[in-house]
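One structure is given below, represented as structure tokens, and several questions about it will come after.
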Amino acid sequence: MNTSTKPGGNDPAPRLDRAAIAKRAARDLIDGSTVNLGIGIPAMCADFLPDGVELLYHAENGILGFKELSAPGEGDPNLMDAGGSFPKLVPGMAFFDSVESFSLIRGGHIDVTVLGALQVSRTGDLANWIIPKRGIGSIGGAMDLAANAKRVVIAMEHTARGNTPKIVEECTFPLTAPGCVDEIVTDIAVIKIDRVSGRMILRETAPGWSFEDVQALTEATLVVDGEIVEIS
Amino acid sequence: MTIVPINKISNSFADAVADIPSGASIMIGGFGGAGGQPTRLMMALRDLGVGDLTIIGNVAGISKTTGYGWPYHLDPVDQGMFFESGQAKKITCSFPVPGTTNPLSEIEKAFREGRAEVDIVPQGTLIERIRAAGAGVPAFYTPTGVGTPVAEGKEHRDFDGRTYLLETALSADYALIRAQKADTRGNLQYIGTSRAFNPAMATAATITIVEVDEIVEVGGIDPERVETLSTYVNRIVQREAGDPMP
Amino acid sequence: MNTSTKPGGNDPAPRLDRAAIAKRAARDLIDGSTVNLGIGIPAMCADFLPDGVELLYHAENGILGFKELSAPGEGDPNLMDAGGSFPKLVPGMAFFDSVESFSLIRGGHIDVTVLGALQVSRTGDLANWIIPKRGIGSIGGAMDLAANAKRVVIAMEHTARGNTPKIVEECTFPLTAPGCVDEIVTDIAVIKIDRVSGRMILRETAPGWSFEDVQALTEATLVVDGEIVEIS
Amino acid sequence: MTIVPINKISNSFADAVADIPSGASIMIGGFGGAGGQPTRLMMALRDLGVGDLTIIGNVAGISKTTGYGWPYHLDPVDQGMFFESGQAKKITCSFPVPGTTNPLSEIEKAFREGRAEVDIVPQGTLIERIRAAGAGVPAFYTPTGVGTPVAEGKEHRDFDGRTYLLETALSADYALIRAQKADTRGNLQYIGTSRAFNPAMATAATITIVEVDEIVEVGGIDPERVETLSTYVNRIVQREAGDPMP
């Protein structure tokens, strides 16, 4: 288990590093799924797939089935992913336009999307596109993905600067989509959202972290439903 | 061999955009980044100097400050040029600012200084609105944006127990697009991920102008690979051989 | 001028034959236009284009830029037109699916469609898809074409069996599209429809046919607006 | 080389359709005529014998009596087979009958005898409704059909002074489609005019089953020519080499 070395204040134990968050999120990805990974920690999931799991990666700009990126400074501008990086050409890829790309998304054909978040509410509301005080933000494909993917997983650090909670009772930031998040994987916890009952269920914690430790950094009320296990 | 003899080929990028008036609405194709961007047409429009433009793009104006979608060794060119030059008064797009504000992008500068209206639309809604304009659909319902700021003021309606927003078609006076290859009739072929917004924009503008790497005779594009029909294309300009700009 | 040899009852002169109708309708087709021709007389327009006029033929099943048909008994089932015939492969053709094909039609990108009709009303209503007594009919692409082509031309025989008028004050058959027809070319007349004023203007007549002769076979009231010339 | 290892290949047409239950709604691809028609899948469904089917097609059931879209030397096979066999209770299509009633087509026979409901939809509305189902659009407005019998009972609405009809998405339990080539992952390539309704139907059904002339390894289809994404395809069946049926 890789853990972060940055100071955690009153943390009872180290938090996971970004790679470990990605690795845990990657564990739930099912072989053969069509998957869209957001930038940052979500994109890192591709490096930590369990053995035998192959995914069909989709990017909004019109590509399915890409894999490794070209080396920095190399790559073809006509073979880009939605993050502006340049994948390598691999067999089985498909290129298409934005109409088709968003028909795939909006039509509910993306099995899983892994995204980052600014805030997630107890009922699964997601805010990840604008910081209100900046006055301008970028939506891109985030609203389409969040509202329409079959499964929405958030992979992020548990708190913002100064331990400000990002997992909240109600989002104060403008929403990306209401009631869309299924699971949150953070540097201290894995939380399932039961959107029917509106409950946040703590399922896993980082080594050395208790339910109370996680709740202390979470504004939303967490519940226990089944055993809490250690993130592995 | 019979060939539809309409001549759509412009001799220069300047000629191709020469009739664009101040106040025009202009779609700019591609996704964001160098691939599929009609960079030479954009530069010609900047050089033309007309103002009060409304730009319609996707990822817009983030390459110059972040390098997004550009090879490392080149200075990126993006839609921010029309805000730096003061030619644009408004942009409709999905992604107008990068994560960082250091340095500020040209669009964010213009926004903060009150020089530009920025209309931010979810990407799937944006491309579907453009496609709708070309396809004779004046409006459609989408689940995207319900419960968010983009839903404000829009009609909400339930179908089968889920709530959707009514979104309307989005057309423009001109579309500047980029393709790999055109035949002399105006059939277009794209390459890789350079399709993006280009094919739909070609259908949604009164005048569609395409920047291509190569013009071939009729028959020089495989009929299975015609991705924009010649009916949609008004003007074609070929880039200079060996142009270092991607 | 080819004329029909079939008996015309009280006809003052022979009516034009089907080829002559097609030839007259073809004369108004503009070089470089994107055109969709219906089956029957409309399809025959392709054989009578004026010198120097080349058209881009569109068929609903997803083909643009076709030309000659293969010989009977030859041809490729994967290279069909909407009439079920098999065009030859020619340079500049394009293949596409039905979504794109009808986006082109509904989006108003067809410059001209030439169609047949059962009835056309004085105000340009078109009925051409169902004979009510049969109880079942086929719409196909006719409603999309009639409602959305930039220009709708009807090429047909002037009357139905027994000299029953097909050009009527009001259609009694179910409509294909209201107020859509711009021009009617028949075996005895060329009629423009001014949809703004709701007038049918007789512009041309077959050799030997007077205004009164044409009006006698036309239920809708015809008007004169400018010179009436002989169909040539 | 890494390959998504899901196995979508069925060993026979009978296997591919074996789970289709009575009462299912079934899209049948192509345009009408031999090209692009999933003829072997249709015959397997007929042989399966399930009933109460709702068929969704385009030009439907006119080839057998008129030869429409078939080479002269073969006996045409069309969607009328499900009405001749009594398996279908309804068809939604744009073109259910030919001009002639001599002889009567199987669909017209079933209609006249009260054995089948025939729902006739303008072709552009039909394909757009299918596309909408696949693309997450529950409803859209179209100008086609205003002022005609197909407008009856539908919402009318004006946009910019023109009147439009509200039309809703049309999905199905199964889509039987035809392509030229599939890779083992399920990416599809079509040929010529055989696209027609196939690509849209692939996106609009719960289970999409494709009949192909050839199955190739992943990488055997040019990424520029993947016209249906593997995500949409559930089952693939390859026709026998030299099958005389087009």
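We just call them A, B, C and D in the order they show up, numbering each chain from 1.
Here, a residue touches a chain if its C-beta (ideal position, glycine included) is under 8 Å from a C-beta of that chain, and two chains touch if they have at least 3 such contacts.
Not measured: the values here are computed from a predicted model.
The minimal number of chain-to-chain contact steps leading from chain B to chain C is 1. Of all the chains, the one whose CA centre sits at the greatest distance from that of chain D is A.
Note on interfaces C-D and A-D: more C-beta pairs are in contact across C-D.
Inter-chain spacing, taken between the CA centroids of chain A and chain B, is 30 Å.
One inter-chain figure worth recording: chain A and chain C are separated by 58 Å, centre to centre, where each centre is the mean of the chain's CA atoms. Chain A and chain D have centres, each the mean of its CA atoms, that are 38 Å apart. Contacts with at least two other chains are made by residues 128, 131, 135-137, 142-143, 191-192, 223-224 of chain D. Along chain C, residues 95-96, 102, 105-106, 148 each make contact with two or more other chains.
Residues 31-32, 34, 54-56, 58, 64-65, 67, 89-96, 100, 102-109, 148 of chain C are the ones touching chain B in the complex. Against chain C, in their complex, chain B makes its touches with residues 1-6, 131, 133-137, 183, 185, 187, 203, 217-220, 223-224, 226, 229-232. Note for the complex: chain D touches chain B at residues 128, 132, 135-143, 157, 159-160, 162, 164, 168, 191-192, 223-225. The touching residues of chain C, when paired with chain D in their complex, are 59-63, 72-73, 75-82, 84, 95-99, 101-102, 105-106, 125, 134-144, 147-148, 174-179. Residues of chain D touching chain C in their complex: 31-36, 58-59, 62-63, 66-73, 94-98, 101, 108, 111-112, 118, 120-125, 127-128, 131, 142-150, 180, 190-200, 227, 246.
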